[in-house]
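Common to both upcoming complexes is subunit A, partnered first by subunit B, then by subunit C.
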Partner chain A sequence: MYAGPVQDLIEELGRLPGVGPKSAQRIAFHLLKLPKQDALRLARAVTEVKERVTLCTRCFNVAEGDECGVCVDSRRESGVLCVVEEPRDIVAVEKTHEYRGRYHVLQGAISPIEGIGPDQLKVRELLARLEPEEISEVILCTNPNIEGEATAMYLARLLRPLGLKVTRIASGLPVGGDLEYADELTLGRALEGRREVEA
Partner chain B sequence: MRLRRLWLTDFRNLAAVELEVAAGLTAVVGANGEGKTNLLEAVAYLATLSSFRGAPGEALVRAGAERAVVRAEVDPEQPGRAADTLIEAELRAVGRDRVMVNRQRLRRAADLVGTVRVSVFSPDDLAVVKGGPDRRRRLVDDLVVAGSPRLAAVRGDLDRVLRQRATLLRQAGGRLTPDITATLDVWDAKLSDLGETLAQARADLVGQLEPLAGKVYDQVAATAARVTVSYVAPWRDQGLAAALAEARTDDVRRGVTTVGPHRDDVELSIAGLPARTHASQGEQRSLALALRLAGHQLVTEVGGTPPVLLLDDVFSELDPERSAALVAHLPRAQALLTTTGALPAGVEPELVLRVRHGRVAVER
Partner chain C sequence: MYAGPVQDLIEELGRLPGVGPKSAQRIAFHLLKLPKQDALRLARAVTEVKERVTLCTRCFNVAEGDECGVCVDSRRESGVLCVVEEPRDIVAVEKTHEYRGRYHVLQGAISPIEGIGPDQLKVRELLARLEPEEISEVILCTNPNIEGEATAMYLARLLRPLGLKVTRIASGLPVGGDLEYADELTLGRALEGRREVEA
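Coming up: the complex of A and B.
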C-alpha cells in the first residue's frame, strides 16, 4: 500500500504481539513524525537488547552474560527450583520476597494451538539440571490458566517418578489469569501455601 | 436487577444511542433491518459478552468504526446496595475487548457474568426443538451459567481444552507417539474434570427444568400432554476418563474428540414421542416457548429477582391463541420487545421507541 521502507516498517510492527494492522500503521506514521534522534534511540535500544542481552544458559532467564543474576548469586538457596513460563514471571515471584531459590524458565506453556509441545519448551534442560544441582524440590509456578495447569500436570507426571518433591502454587490466584497480574501479597500467599502434587 | 439507562456507540448500525429504559415494558418498533434487534442484542451482550444471534465480536462493531461501546446503568436491586452499577463494555474491531464496572477495569471479562441477567425470546427459538443438539446444549448451558456464574469459567475452560485436544489430534496425524500420548493424557485429565463438572450441572438443571416446562407447556398449548426433558450423555455411565481412554485409538485415527459433553444432547418429547421428529409445527412452537418461559422462572428463583426479558419479534410467528397465552404467562418483569406491527391485546408498553436507519427516537 505504501512505498518500500514505510510498508516494511508497518509489516514489522504488525508482527509484534497485540499490534493489529491499524495500530501498526498508526505507530509507523508516529515514528515518521518523530525527531531523528528519538527514532534512532529506539532503534539503538532494540539493537542493544539483541546484542547484549541473551538467555541464561542455565535457567533461560534474560542475562547479560553467560548466566543470569539469580544463577550467579551464591546466596541463593540451592536444592530447590521454581519453574515459570516466562522471564517476566521471575520478576513477579521476586517481588513477593517469599522465595530464595533459583528458577527455570520454560519459555512458554504447552499449547498445541500455538504449536507448542514439550519439545518446544526447555523441559529437557530442566531434567538435565536436577542431578548436578542436587535438586530436591521443584515448585511448579506456571500460570493458573488451562495451558499453565496442563504444563504443570505434564511436568509433575515427569518429575514425581524421579523421587523429587513436586509442589504447585496454591489456588487463590485469579483463575485464568497470568502470574504477572497477580499482586505480591496474593502470589506470596500462593507460594507459601503450595501443596504437593498428586499426579 | 433493573436496567435504567443505556448508551450505545457504533454497535452494529446504531451509531449513537442514549435512552432511559422503562421499569416495565419498553416496545421497540420499526420496519425490518432498521436496527430494532440490535438494541436487544446490545443489552444481551452485557449479560453474556456474546451475541444471542451467534455473531462474532467483530461483527458487532459498526462498519468503518474501530470500536463499539455498550454502556448501561443498572440497579442491582439488592438489599444494602443502593447505588447503581455502571457497566461499560468496549468491543474492538481488532484486539482485545475491555469491560469496566464502576470505571474499574475487570481483570477477566467473565467476572461480569451475573451483573446483568436477561432471558431472550426470539423466533429462532424454534430451532431449540427442531435443530441440532448444539442448540439444546446452549439453552441448558446458558441456564446453568445464569444459575451459578462460576460455571462460566468451567464452560470457557472446557471449550479451550477441546480446541487444544482437537489441534493435538490433528497434529498427531493418526500416530500415537510416546510424546503425543503423554500430552494427550494431560488434556484428557483436564477434559474429564471439567466435563464431569459441567455434565453434573446440566443434569441437575434439566431435572429442575422438566416439571416447570411441562406445566407451562400445558398452559400455553391448553392441553394436558406429558412433556419430558432428558439429558443424554452416554459416557456418564462409565465416567469421562474411562470413556476417553476407550475412544482414544478411534479419536487419534479420526483426528477428533468423539466422546464428551460437546456431543451430548437434551431430548425433548411430547406424550412419549420425540418432539424434533414427531410433533406438529404448532406443538414445536409451544414447546420452544414453554422451555424459554420455564428457564426464565428458574433463573428468577435462583437469582431472587427476575432477569430482563428480551422479546425479539416473538408475536409475528405465533398464532393469536399462542400469542394470547404468551401474554398471559409473561412474568412481571422489566421487558424490552421488538415488533414490526401492532401489539397483541393486553400488551401495554410504558415506553415506545421507534428505530429508523439506526436512530432511536422516543415515540411515546
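Coming up: the complex of A and C.
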C-alpha cells in the first residue's frame, strides 16, 4: 500500500507491544512529518540501549557496565533481597520509598503455558547470592497473578528450608479503591490478610 | 530512575502520538529484551524512512524519488483529483477500490487555532495542477470534522468559479452502524443527504 520504507516502518512499529496496525500507521506518519533530527533521535535511542545497556551480573536489573545502580550503591541495606519479575518492577518498588535493600530480577515468572519453568528464570543465581551476601530475608514481590503467585509459591518452598525469612507482599484493596467495585478474589484476599487495628 | 540510555529511550518513545509514559516504558523494556538485530531493525526502519522517503513533487503523497506511485501510474484516470489532508487518507480511499483517479494531499487542514491557514497548505500547488492536467472534477475528501469541513468549504468557494465540478464525500451513518447510537449531527447529515430509493 505504501512506498517500501514506510511500509517497513509500519510493520516494525506494529511489532511493539500495545501498538496495533492503526497506531503503527499513525506513528509512522508522525515520524515522517517530524524534523529529521528528531526522528533520528529515536533511532539512536534504540541503538544506544542495545549497545550500552546490559543486565547487572549480580541482580539482573538493567545496567550500564557490570553492575546496576542499586548493586553498586553501598548505602543500600544488605541482608534483604526483594525478588521481582522484571527490571521495571524495581522502579515501581523504588517509587514507594519503603524499601532500602537490594533486588533480584527473575527475568520472568513461571508459566507452563509459555514453557517457562524455574530453569528459564534467574533462580539458580538467586540461590547463589544467599550465602555470600548473608541474606536473612527474601521478599517475594512477583505479580499477584497466576504466574506470579506460582513463582512466589515455588520460591517460598525452595527458600524456607534454608532457614530464611520468606515474605510475600500483601494482596488486598488498592488504596483509594471502592469495596463495591472490588472483584471477589481481591476482596477475599483483603479479608484473609486482615490485621488487628491498633488503638 | 533508569540507567541513562533506558531513560532516553523511554522519553523518545513517550513523544510518539498515542504513547503514554506507561506504554513508553513497556515498549522500552520490550526492546531491551528483544534480540539485538530485531531492535536495530526498528532503528534502521526509522532512519531509512527519513533518508529515503520524500513528498511527491506533484501531489505531496509520500514517495521514494520524485513522484509517488499513484502519480507515475499511467493507468490512473486523469482529469479527476481527490483532495485529502494526509498521505494516509490516500490509503483509506484506495482500499475502497471505488476511485481510479489521482490525488492531491493538502498536508493538513485549515485550523485557525493551530495557526494553519490556506497558505500553510498545498492549495497553491493544487490550483497550479488544474490547467496542465485538464482537471474537470475535484472531490473534496477532507475529514468530516470542523477543520476538514472548513477546508472543504474554502476550496469549494475557490474552485467553483473556475468552472470545475466540485464534489464533497457524503456524511451519514456508517455501514453496519446503529441508528440508536448515532450522534444527532451524523443522523442530521444522513437525513439531509437522503437519496431516492430506486425501485
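The working rule: the second predicted complex is superposed on the first by the 165 of 199 C-alpha atoms of A that agree within 3 Å, B and C clash if a C-alpha of one lies under 4 Å from a C-alpha of the other, contacts with A are read in each partner's own complex, and residues count from 1 in each chain.
We adopt the following convention: a contact is a pair of C-beta atoms (placed from the backbone, for glycine too) under 8 Å apart; a residue touches a chain by one contact, two chains touch by 3 or more.
Since this is a predicted model, take the numbers as computed values, not measurements.
> Which one hits more subunit A residues, subunit B or subunit C?
Touching more of subunit A: C.
> Who does A:Tyr154 touch here: subunit B (first), subunit C (second), both, or neither?
So A:Tyr154 only meets subunit B here.
> Look at A:Glu64 in the shared chain and tell me whether it touches subunit B only, subunit C only, both, or neither; answer first, second, both or neither.
Only subunit C; A:Glu64 stays clear of subunit B.
> Figure out whether A:Ile110 sits in contact with subunit B (first) or subunit C (second), or with both, or with neither.
The first partner, subunit B, only.
> Give one of first, second, both or neither to describe whether A:Ile169 is in contact with subunit B, with subunit C, with both, or with none.
Touch status of A:Ile169: no partner.
> Which partner does A:Val138 reach: the first (subunit B), the second (subunit C), both, or neither?
Neither subunit B nor subunit C is touched by A:Val138.
> Touching A:Val91, do we find subunit B (first), subunit C (second), both, or neither?
In the superposed model, A:Val91 contacts subunit C only, not subunit B.
> Should A:Pro17 be classified as contacting the first partner (subunit B), the second (subunit C), both, or neither?
second
> If you lay the two complexes on top of each other, which residues of subunit A touch subunit B in one and subunit C in the other?
Shared contact residues on subunit A (touching subunit B in one complex, subunit C in the other): 18, 23.
> Touching subunit A in the complex: which residues of subunit B?
Touch list, subunit B to subunit A: 66, 93-96, 107-108, 110, 153, 156-157, 160-161, 163-165, 167-168, 171, 179, 182-183, 185-187, 189-190.
> Which subunit A residues qualify as touching subunit B in the complex?
18, 20-23, 110-113, 117-119, 146-147, 149-150, 153-154, 157-158, 174-177, 181
> Which residues of subunit C touch subunit A in the complex?
Per the stated touch rule, the residues are 1-6, 8-9, 11-13, 15-19, 23, 25-32, 36, 38-50, 52-53, 62-64, 68-69, 86-88, 91, 94-95.
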